[in-house]
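Two complexes are shown next, each including subunit A; its partner changes from subunit B in the first to subunit C in the second.
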Partner chain A sequence: MSTSTAKQTSSLTFKRRKLRAPYLLLIPAVGILVIGMGYPLVWQIVTSMQEFGLQQQFGKPAPFVLFDNYIELATKASLWVVVGKSILFCLVTAVVTLAVGLALALLMNAVSKGPRLVLQVALLLAWSMPVVAAMTVWIWLFDRRRGAINYLLDAIPGVDMNRFDWLENPLTFFAVASIIVIWMSVPFVAFSAYAGLTQVSEEVMEAAQLDGANGWQRFWGIILPMIRPVIAIVFLLQIIWDLRVFTQITMLQDAGSKSSEFDLLGTYIYKLGTKAQDFGMASAVSILVLAITIILSWFYIRSLLKEDES
Partner chain B sequence: MTAKLTKRLLGVLAIVIAVFWVFPVYWMVNSSLLPNVTLQSFVPTFIPFGGSLDNFTAALSDGSFFAALGMSVSITLVVVLFCLVFAFLAAVAISRFRFRGRKSFVIAVLVVQMLPAEGLFIAQYKMVSSVGLLDSVIGPSVIYTAAVVPFTIWMLRGFVAGIPADLEEAGMMDGLSRFGAFMRITFPLLAPGLVASGVYAFLQAWNEFTVALVLLPSEANQTLPLWLRGFVQASATRETDWGQVMAASTLVAVPVIVFFLLVQGRLTSGLVSGAVKG
Partner chain C sequence: MKRKFVAAAAATAAVLILAGCATSTPTPADEGGEDITLWLNGGDTPETLRDYLKTEYADATGGTLTIEEQSWTDALAKLTTALPDAENTPDVVEIGNTWSPTFTNAGAFTDVSDLYDELGGSKLLPSFVEVGEVDGANFALPYYFGSRYAFYRKDIWEKAGLTVPTTLAEFNESAAKLKTDSQSGFYIGGEDWRNGVSWIFANGGDLAVKDGDEWKSSLADPKSVEGLEQLQTLFADASLAPVTEADSTPWVNINDNESTGKPEAATIIAPGWAHWSIGDLAPDPADDTKTIATWNDDVFGTFVLPGADGGVAPVFAGGSNIAISAASKNQAASKELLKIVFSADYQQLLGENGLGPANLDYASSLGDDQFAAALIESAADSKLTPAAPGWAAVEGSGLLEEFFGKVNGGGDVAALAAEYDAKIDELING
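Presenting the complex of A and B:
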């Protein structure tokens, strides 16, 4: 290790200083994490066990109610509807993103350099769009009266989409949200999967072809097993990222309706905290969101830790 | 022969998909150049012939853009600077030293990196408001730095580990102090890593919406994403000037697109490198 020569020549004090060095180096990072994340997290855990409503905003002490907020949540039908919708939204979006991304990666692998480059540039441009700008464009595209999407769909013979309001009904509202999230997320999946595909050796593929394996068999038998680690991680990240769609849902609600039918977990917490001023309950739901995320992330974190040890 | 034809057809398919995928980005720029009269007609105009920069002038006219730009630039600069320094020091600690608590720190970093803003923003709002820092540059800067530092440490760790410690030791043999060897030999080799991490921090701070929404409640202190959202919010009450909204979106998006294209490769490999190498 790097310390070997130094160790032999070092005096006792020098050694002690070296032992302290890593901790000193960590102080700023740990400090900012404690302030920005640690303290709010502890506050949130404490508050989730308190009754912390409007009266407490004006200085009344918050009584400890232990798990009452959680019990109230567990028995609250409206919360379970939001949790269910969030999970469904997240799974559907992540699965479609993965399928489309994988298909595009295979396509990139199959075509010659020119078309591949065109496709890659298009995907990169979509990927690089800031979320808020992407949202304004998509809201404009889906605009009821003058949006390009209704115009183009209406031009298909037999389809009447003139003035169709996508954001009026929860089902089409979430479909629009999902389309936007998929549009933004596919590039990452496609590029990661493509990076994996380029590692699959030509010889193995040719040998399989000579042995008479058709395209489908080669995909399931060779390509998929070889890129499985990438796919697993990318899919996991998509699920975690698709749970955090507060920006997208908030802006679609700006353009459509703020009614609670259109809420997912992020906007639900936001409304509990800002509109109802019920910080106890908002904290309890936040803890639920954090718990879901950490459980889902554990596999990913473990794989990164393995990388760290090697 | 048929294999060649299939390849051709797939190539055409790839280009068609590319056109669809890039269409929203194109549409943003296209609409930003068209006058409102054209945008209000039922038939969309697909190519901005006779376009002008009037929408940009209009979007910039009331000065709120520059206020938001100032806010975004200040926060972003603070975040990038502190993030790089803090993450660099921590990356040196975890890649050059084996010490007690190292593994716990690495796990903490990885866990924090996964936490969604939605899971903490109410608590962060309470914290920042209790010290009277709502509507300030400091509030979002602290939260963003804390949120971005973990991934930055992770990215830099790879770069620091990639530089052999032997090089440094050789420098020390030649009479440099440990610090001097580090600054003269390791630091310049780290430059690409620092650039990539800095751009990552920039993108995060520049694009962030959720935390900014709760920490910057007053309109005078908005960042660019909040400013842009204001246009969509206004559309609920009056006719939207989509040309202007698209011009505003283009203004917000262009610096991001440029910087993103610079570091894209490193970001992907940072997230999935272990898995790709398999």
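Presenting the complex of A and C:
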């Protein structure tokens, strides 16, 4: 938000000192941020330096332990396994989401109005479906006994998928989770990319075609560079969302196992905090996730800012 | 144009991130004096009992009693966040008996010692009273008790020439014999520690022992290990359940499967009230998407899990306690509700509905059918989980599910037991 206002004034540098309006306009946004995010963040940081358990939740004073929680975290091998799994899950899911979303956007751009409308309605329905409702259906689809997925796969000659338990093994568990998360986030990527594609000028495309560039060359050499800013921001969002994925994992755990092998960062923190009642430690892990998010997205934010300046 | 798009996208991104952060669970606050809220867990309390409470409460106080049902899986997390908050706390709560020590020690509940004698006093189930007590003062009182026993398919057992087992070893053997490719001899989920723990108890082991003032997890005790090894063998030889399945709805497996016409299991173990869900299935005349189970004595039977040397194996004592939230603004009205819960009529109703009444004077209300007999016989030897201050955290952390899952998955029992003892010790003392 701040970049947009700053950008418009940058061409008017000579006037900059006199312009107070942009700063006044910033106040509501910054205010909301400070109240909405600042308070929980400060609380989180303070708690992460305390020994805060159930007794403290019911009013006992919480002793400050400074960085003890963080030191304990750093030496906890099980946490780093979860961190590794979460990052891998997030990257794989975000990349596949992006690829599928982009492909659908190209499809929307290529087909005529009728099919495009059908595609858009289908995507919108997937996007607007409440998570819990969608998850319930997905869990039924992958059900061990009566799931449609096992039924269909089993119908293929030579494939024995009768009663295959998708949620029993971490690898298939996360594959299912990934498919569901991708299904839920593809519409956003597809629509954003499609919006970007409509900005690619027809003249350029026609000229390239006349010069003999084939479809792949046009995509790689013209379309992709032109919609790169959209792709970059969408990818950044996917990374942030997929890193803190919670609902899908926790609902799959309800259907399968709550064992720690099936944890990603979101469920790990939830279990540590509200279930094992160690709020201090859970806050420390949350701060760690915040740090990981910033590190992962830093590269993108920087390149976005650079693009803005150029 | 491109720039504008980026800016718009960035702004959208910020809004979306903000929106994603908002989480809140609105609970109706009840500031209107006499209107109170009661949290019950799961569907264990039948509808007739709920209606009774609402009517009686309205008659006694003129206020409205709102009953909100929490799922057993989320109850622990919800209680932890709602109870300390005067604006959002339920006034009266049902809590799992095993969580009582944790919340009682944390100061979550109101001292009801002054009401104790009026509500039943020494006639209330002692082990449940104990877990809700601190320094002789009563905070959480028993609500109902249940107990687990085995349900079996008479037709299948008879066909295989087997009779009701009298020792645990015989049970294990028979269950293994009854397993086929499509039928569990004994259906038990790999992570189902609440039922699996009976094998530890039966061999003289325990989950944790108190050493001076400190609790210590005792899974690696030789007796516990022996029980766990028996369970591991039993799971491999007799159960087709997934190793990741926890305490779920095992009764669906003993009824005939709608598509195959055969049961998935010859034997299950379940809380006593599961018998309402077991039997010959027929469509519900009121709602044709549902089925009703009618118990059939020719096909189904019950027996109490036998002990290692005959007799009865100690099973996990299920049940709940009930308490008033210390943060509630309606203390007097909440006490009125407790008086209704502990009234003779309500205790009688509990028993008639298959729930062990908190006041043992009313135990006869359970009746004298085979279910009541099995419930009373198995409850007599049942055991509670350790009354350690951190026990709710141990349960909440899911370590026991994880441990039993790994044992039943075929892991090395002694090594796993030592590993999980260390993990549980970190939490068990609160």
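Of note:
Here is the rule we go by: the second predicted complex is superposed on the first by the 243 of 310 C-alpha atoms of A that agree within 3 Å, B and C clash if a C-alpha of one lies under 4 Å from a C-alpha of the other, contacts with A are read in each partner's own complex, and residues count from 1 in each chain.
Keep this in mind: contacts are C-beta pairs under 8 Å (C-beta built on N, C-alpha and C of every residue); 3 or more make two chains touch, one makes a residue touch a chain.
From a predicted model like this one, the values you see are computed outputs, not experimental measurements.
Touching more residues of subunit A than its counterpart among subunit B and subunit C is B. By the touch criterion stated above, A:L19 is placed in contact with subunit B alone, subunit C being left untouched. In the superposition on chain A, A:K271 makes contact with subunit C only, not with subunit B. By the touch criterion defined above, A:L237 lies against subunit B and subunit C together after alignment on the C-alpha atoms of chain A. Of the two partner chains placed around the shared chain by superposition, subunit C is the only one that A:D165 touches, whereas subunit B remains out of contact. Once the two complexes are laid over each other on the shared chain, residue contacts for A:G36 go to subunit B and to subunit C alike. Put simply, subunit A uses residues 1, 32-33, 36-37, 40, 192, 195-196, 199, 226, 229-230, 233-234, 237, 240, 254, 270, 272, 274, 304, 307-308 to touch subunit B in one complex and subunit C in the other. Within the complex formed with subunit A, the subunit C residues making contact are 1-11, 13-14, 16-18, 20-21, 73, 76-77, 80-81, 83-84, 102-103, 105-108, 191, 242-246, 326, 392-394, 396-398, 401-402, 405, 427, 430. The part of subunit B that touches subunit A in the complex is made up of residues 7, 10-15, 17-19, 21-22, 24-25, 27-28, 31, 39-44, 82, 85-87, 89-90, 92-94, 96-99, 101-103, 105-112, 114-127, 142-143, 145-147, 149-150, 153-154, 157, 165-166, 168-169, 172, 178, 206-207, 209-210, 213-214, 224-225, 228-229, 231-233, 235-236, 242, 245-246, 248-250, 252-253, 256-257, 260-261, 264, 268-269, 271-278. On the subunit A side of its complex with subunit B, the touching residues are 1-2, 5-6, 19, 21-23, 25-26, 28-30, 32-33, 35-37, 39-41, 43-44, 47, 104, 107-108, 110-112, 114-116, 118-119, 121-141, 143, 145-146, 148, 151, 183, 186, 188, 191-192, 195-196, 199, 226, 229-230, 232-234, 237, 240, 243-244, 246-247, 250-251, 254-255, 265-266, 269-270, 272-274, 279, 282-283, 286-287, 289-290, 293-294, 297, 300-301, 303-308. Per the touch definition, subunit A reaches subunit C in the complex via residues 1, 3-4, 7, 32-33, 36-37, 40, 53-55, 57-60, 144, 165, 167-168, 192, 195-196, 199, 226, 229-230, 233-234, 236-237, 240-241, 254, 256-261, 270-272, 274-278, 304, 307-308.
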